[in-house]
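Some structures to go through are shown next.
Next, two complexes with chain A in common: one pairs it with chain B, the other with chain C.
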Partner chain A sequence: MDGPVPPHPSQARGEPPDGAEPRRHPTGSNEQPAAGFSRRRLLGALGIGTAGVLAGGAAGGALGRATADPAPAGAPAAATDPVPFTGEHQAGIVTPAQDRLHFVALDVTTDSRDELIQLLRDWTAAARRMTAGQDAGPGGAVPDGAYDVPQDTGEAIGLPPAGLTITVGFGPTLFTSADGVDRFGLAARRPGPLVELPAFPGDQIDPAISGGDLCIQACANDPQVAVHAIRNLVRLGAGVVSVRWSQLGFGRTSSTSTGQATPRNLFGFKDGTDNLKAENASTLERFVWVGDEDAEGGRAAWLRGGSYLVARRIRMLIEPWDSSTLNEQEATIGRAKGSGAPLGQREEFDPVDFTARVDGEFAIPETSHVFLAHPTNAGTAILRRGYSFVDGTDGLGRLDAGLFFIAFQRDPATGFVQVQRNLRTDAMNEYVRHTSSAVFACPPGVRDDADWWGRALFEG
Partner chain B sequence: MSVRDRARLPLLAVGVLTALTAAACSSDDGGDSGGASGGASDTIAVAASDDACEVDVAELSAGTHEFEITNGGSQVTEFYVYAEGDRVMGEVENIAPGLTRPLLVELPAGDYETACKPGMVGDGIRADLTVTGEVAQLDEDETLAQAGADYQRYVRSQTGALLERTTAFVDAVKAGDIEGAKALFPVARTYWERIEPVAEIFGDLDPLIDGREGDQEEGQDFTGFHRIEQALWVAGDVSDMGPYADQLLADVNEIVELANEETLDPLQLANGAKALLDEIATGKITGEEDRYSHTDLWDFAANLEGSEAAVQALRPFLEEAEPDLVAEIDERFAAAEAELEQYRSGDGWTLHDQLTEDQLQGLSDSITALSESVGQVASVVADR
Partner chain C sequence: MDGPVPPHPSQARGEPPDGAEPRRHPTGSNEQPAAGFSRRRLLGALGIGTAGVLAGGAAGGALGRATADPAPAGAPAAATDPVPFTGEHQAGIVTPAQDRLHFVALDVTTDSRDELIQLLRDWTAAARRMTAGQDAGPGGAVPDGAYDVPQDTGEAIGLPPAGLTITVGFGPTLFTSADGVDRFGLAARRPGPLVELPAFPGDQIDPAISGGDLCIQACANDPQVAVHAIRNLVRLGAGVVSVRWSQLGFGRTSSTSTGQATPRNLFGFKDGTDNLKAENASTLERFVWVGDEDAEGGRAAWLRGGSYLVARRIRMLIEPWDSSTLNEQEATIGRAKGSGAPLGQREEFDPVDFTARVDGEFAIPETSHVFLAHPTNAGTAILRRGYSFVDGTDGLGRLDAGLFFIAFQRDPATGFVQVQRNLRTDAMNEYVRHTSSAVFACPPGVRDDADWWGRALFEG
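This part shows the complex of A and B:
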């Protein structure tokens, strides 16, 4: 199962591994700061201030030890193989990103804590089976009795596990409802960081496709396997939960393992080159996994080994983008469209150099997405795990398409929120609209046959 | 122990169920709908008023009894005899003030409740009724056979009202009384929608009576309730609806005669209960059924009640075979009825086009959950 991970291209070339590369080293440039050098650029360059300290620390320590860390468990050898369901962390976070996504957010309609617990137990049992390539229930899709209702919906008969991972999360409203009610006796166990995301400039959030008491992320290398998983779990939830919204994704827009090629998003650009990778275990401890020190005196101890999931449906304004020049597109992103190399560099995994100049101008404009979002200047790192979507057309004949952005982080405030705040002047804003927003606390992994999702929350 | 004590349905659900019935029954001339094969050995007086329901006796011996209900109140009332789970053993609807009406009902030994419903709404004024005697120990097959007879009794109580209300509707249409016909349209349909599993057995009549525009075969005319609905709500002119009205009444007459003679087997009952919920999910939640009048919630309520009647007919069997499922079904019927009850409006319901997406989703979720439970009944029946 856990086959050898191919060497990262940058390692093959004897360069620092991907994770270490994002830092711009002032000594690496012969150029003196120009008179017009922005404060932001300087901060990034000198590694000072909050952002710089965080980024610098990561560069000097955690990110650089990639090769010392073992390959992550759960990386399937083939696209059809199963990914282990149990483990310290939930699968579907650092699992090498599969090709397909079906994501659903649900509201709990019962006020019964027992019914909610029973559902989480039922979901765990069904997920355990489906991730192993089995039917959702032991009765199967084709039961013995002709008048039995099949326990499985059947569309995955004959399909392999296809790397299916099922990841659940708990939204802020599970702990305290929007009108302030502690329905399940969980209010005192809500981790401090689990609050609705703040509004950002330019947001066009539709409440109908935002939020949720619970979420389920199903990823697989076969779309029918992912859809089958969500469909059967939703069915099990009848009478207990109500689907609030859901999203299909058809192409991963990030690589989460050094063994994966970087995919392209619907802008046609490679996306996720400098993403956090599964191989960088100690970086993940720092930026992705909730740790012992996040326990808040025991209140949030149940979440140790878990992570926060932020989901944003980011519509891309495809037609204006498509009709813009290559120069405009590359200046907006900050990378070359063909190679994926940072502007001013040659290869995709060449280090991003914010001081590099072309014809006297900075190669990477300070309004570019890479400049603003890069860990060097964002001062933090998140594990991106998004998917492209096309939801048909918008009624005006325009493609209703974009990126269903998913990020995992140890704390949304120092993860997505910090990154997004930094994107206020992002040139890409002209071409994107955030239309949904949600945040969930994903509990740690299911440990063994007796364990179930959220047990530490309800019983701990 | 009284029926009330043992009833799994919460009080709210009981109220909702009876309210559903009441909303649909605005007839002023309901006949007795209790079924009993033999003659009664006695006559039990029931004095119904606006705030009382005095039944002469609280204990009876098993057998066929005749109740005689006199409405001394100022409101139209109804009288019911319920077994556990509000399984209707017999009912008289629409007893106008001052009238006396009989109800023949066969009651095996057991615990029952009587209920008067002044104003034809609410939980009703209830009293315990204990029937003593040798409890017939039915085996499974007998219990299931009993289910068919129970449900047939229910069907007959509905077909009578269907015919009567359809006649009134047709008369209004032919008289050009548009407002009157509009008011009667959802009421007549209520009786139809409650027993649709039976009606659908007669495959050629169902589309003639209840087909929607565009559903017809090549060369077939668009007829029935919905043709007239279109004329009433879209055209606002029923001057050319006479032949359609006549045909509707003739078709309803025919199906009523057929349905009265039909006894469903237990599997048909189970599937019928599920099919009625599917009707709600596919036709009423979406507003397809009554697309011109938007009176879909009347049909919704009727389907729900019809589904419950079919399940309750199977109740004695299910209680033995799968008590946990019965409890779950009771709970989910109650939840669906409570969800629907939010949209009661006067004597009827909120129009479909006035419901928000959120409200429709709440209704949809409750039916989805209920369907998962009711869907299990067929398997239990088939496994006997």
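This part shows the complex of A and C:
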């Protein structure tokens, strides 16, 4: 964190980061790409990981596996172990992605700054306890006095910490309400990048499951532990906040650590192969963490060490996807379905090579998700941390299923927004619909016993 | 299955089954109960297990733990292992309850009996494969031909069987449609007990998430495995069936085997302590499996060895519950929150004793769930196999969470309906709302390679 930081991607928007020449596939052609495909000259393996929004992500395999940075603090030894709560950054961002998610967005229903601050203090104390495997409050689920109201709801009694992380974010409307009111005296401290995401072509956003003044992301390896955490935090907020929307995710769709096997998303493809990884500290500094130079003259200094969370509920159109051929699916993603290898390569972690050809044609189509989301072409990278969901049916006899996409980045404009704009011609668009959208600024980690979420925002 | 069967509970409705005198708590009083509480004279530990609908269920601890029947076939050695697909009964009923659920109800959209039969054959073949950890179809997720449509959707590639069970049921409307049409020539084979459940006081049933011509219950220890199974079966049914509603459950709320630890439901209480258990074959014969004497002169002979599945989506009113005192919660359930012991006792598996007193008062209130759901008072027993759910929010800032209740019984009238009617004065009613309702007849198990779900119904 204290070393030199590479240029922020906003200074080079649209330009790919520098990188070494990629390793070519042993059986691939080394001939020059055909003229007219200017973007194909910007080859893979840039040393910055990936920016993919969905399956397969992008290239950067050389980064994902080869960088030798030490393992991140907080990586649990077993799925039942605790993840440390305090630290420079909030847990739940580069923490190796746990298996299950409960995400909630809330609106603040009070106009009292003091009540809001007290809630953030209470949440911090409860999260500190629950992530250690304790009850939400010191009185526990079974108080000494029979006529006391329990301080914990009890469904996690006897369960291990299960890698629980609780990550809090502040939405744009916390700083200035939708009708322009500065309810909490925070308007002057809103970071410039913290604005609602723009509309994208094809969006089918439902406002009822979008936005929010606050968010809480709870991840754990046991869904009961994640649900318990959200439920108890919501309970602590009674009279101060109201749940706006929430989302359960049953299975992680990204790896965020080199030690994790790559999961498959509901398209049946490996997802997150070349995601940014926790082990690559210098890349995280560049693309995930808000730095000193983002302080905007002090206005946003409170966010140093934090990150921006973008959430998109992406409905997958399961039925047409399941009716398509293997060829169509692989051409849409840009990877092989079985191995997860980039098309034209052999192994999952082989680097993406946009010059590789099969039968004279480029192996990775220009409209594939991997091609368009690749840092080479998107010019940036994001840390994906999404989860698969099934939310019943849609009333037309189809499963309402998909990906609850979560990404962390240093700036939404040069992170998700830049990637998503580049996906305009993505063949995958035929099979997905974005139905919710939200952005939050996640403050830095809680440093010590006296610290609390957002303290630097309110007191700094 | 071939031994003598005790009287069917329908012959003794309202009468408690015979049973041994219960073991009293070592420190409890052995004095006679006060006059005027006639039902209190019907003591616990009846040797038939429990009938409870929600937390704590009922008594019968002496059954749940003490019966020495051999372990049931199919109990997996590890959470990743397969459960045998074929057998006298369908798996997923007395199989030790797996951690995760995906349940789907479907309507048949064709009027072709042949298409329906073909689908049941296809489903059987696919289920046989998937429960063994294989792809849904022999062509797999990655077909040899690039222009082939994959026979499996792929998201379970590399995952173990994870204890997957797939259980199929037939709803009343499969036999006679809601408008009285006998679409498939099955009306004459509808078992008498297979009728829609009656309305109960307080019901808030939403027809859109109730009923269905068919149901599939997929349980597994990995949610991705359960979701994959349902998704691939639904896919096989394209053009023949349409998903009517579905439900995910993230955590089991009942033990169905003496080897399982008792989980906690979203009220924070241990649930399923005294559930019917797989190890108690004679009790299962009496209360769960349809027997020879239920054949109705041959009309329902196809269902011998099957069972009736009742599903109720029970919304829990989390916020008022979380505002209540420990005393109120324990008096509502009839058990101690911490230990799970029946009130007046010390340990979870101590038998329920309705004569136990604390400070001169009966320890277990007459309006408690345990009191009313107890076989002594309900006069019957059911096998519960429910799952906790969280389905987002309700638009009023509250979590839409609760219990997706599933119970298996030999006859809904003398099973769930009888228990539920007895819960009219249940103190728990203040905290729950039933929002969906369905009943299905689950045929017996698939016997061999030539057999398929429902064969005896269509060909018998």
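The rule is simple: the second predicted complex is superposed on the first by the 398 of 460 C-alpha atoms of A that agree within 3 Å, B and C clash if a C-alpha of one lies under 4 Å from a C-alpha of the other, contacts with A are read in each partner's own complex, and residues count from 1 in each chain.
Definition applied: a residue touches a chain if its C-beta (ideal position, glycine included) is under 8 Å from a C-beta of that chain, and two chains touch if they have at least 3 such contacts.
Please read these numbers as outputs of a predicted model, since none were measured by experiment.
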Touched partner set for A:Gly133, first chain B, second chain C, both or neither: neither
Contacts of A:Asp148 with chain B and chain C, given as first, second, both or neither: both
Superposition-derived comparison: chain B or chain C, residues of chain A touched: C
Touched partner set for A:Gly239, first chain B, second chain C, both or neither: first
Touching partner for A:Leu266 - first (chain B), second (chain C), both, neither: second
First, second, both or neither for A:Gly87, with chain B first and chain C second: neither
Which superposed partner A:Pro160 touches (first chain B, second chain C, both, neither): neither
Residues of chain A contacting chain B in one complex and chain C in the other: 109, 145-149, 208, 235, 238, 242
Chain A partner contacts - residues on chain B that touch it in the complex: 267, 270, 332, 335, 357, 361-362, 365-366, 368-373, 375-376, 378-379, 381-383
Chain B partner contacts - residues on chain A that touch it in the complex: 109, 145-149, 208, 235, 238-240, 242
Complex contacts: residues of chain C adjacent to chain A: 100, 102, 107, 109, 141-143, 145-150, 152-158, 208-209, 223-224, 227, 230-231, 234-235, 238, 242-248, 250-251, 261, 263-269, 318-319, 322-327, 329-330, 336-338, 388, 390-393, 395, 397-399, 401
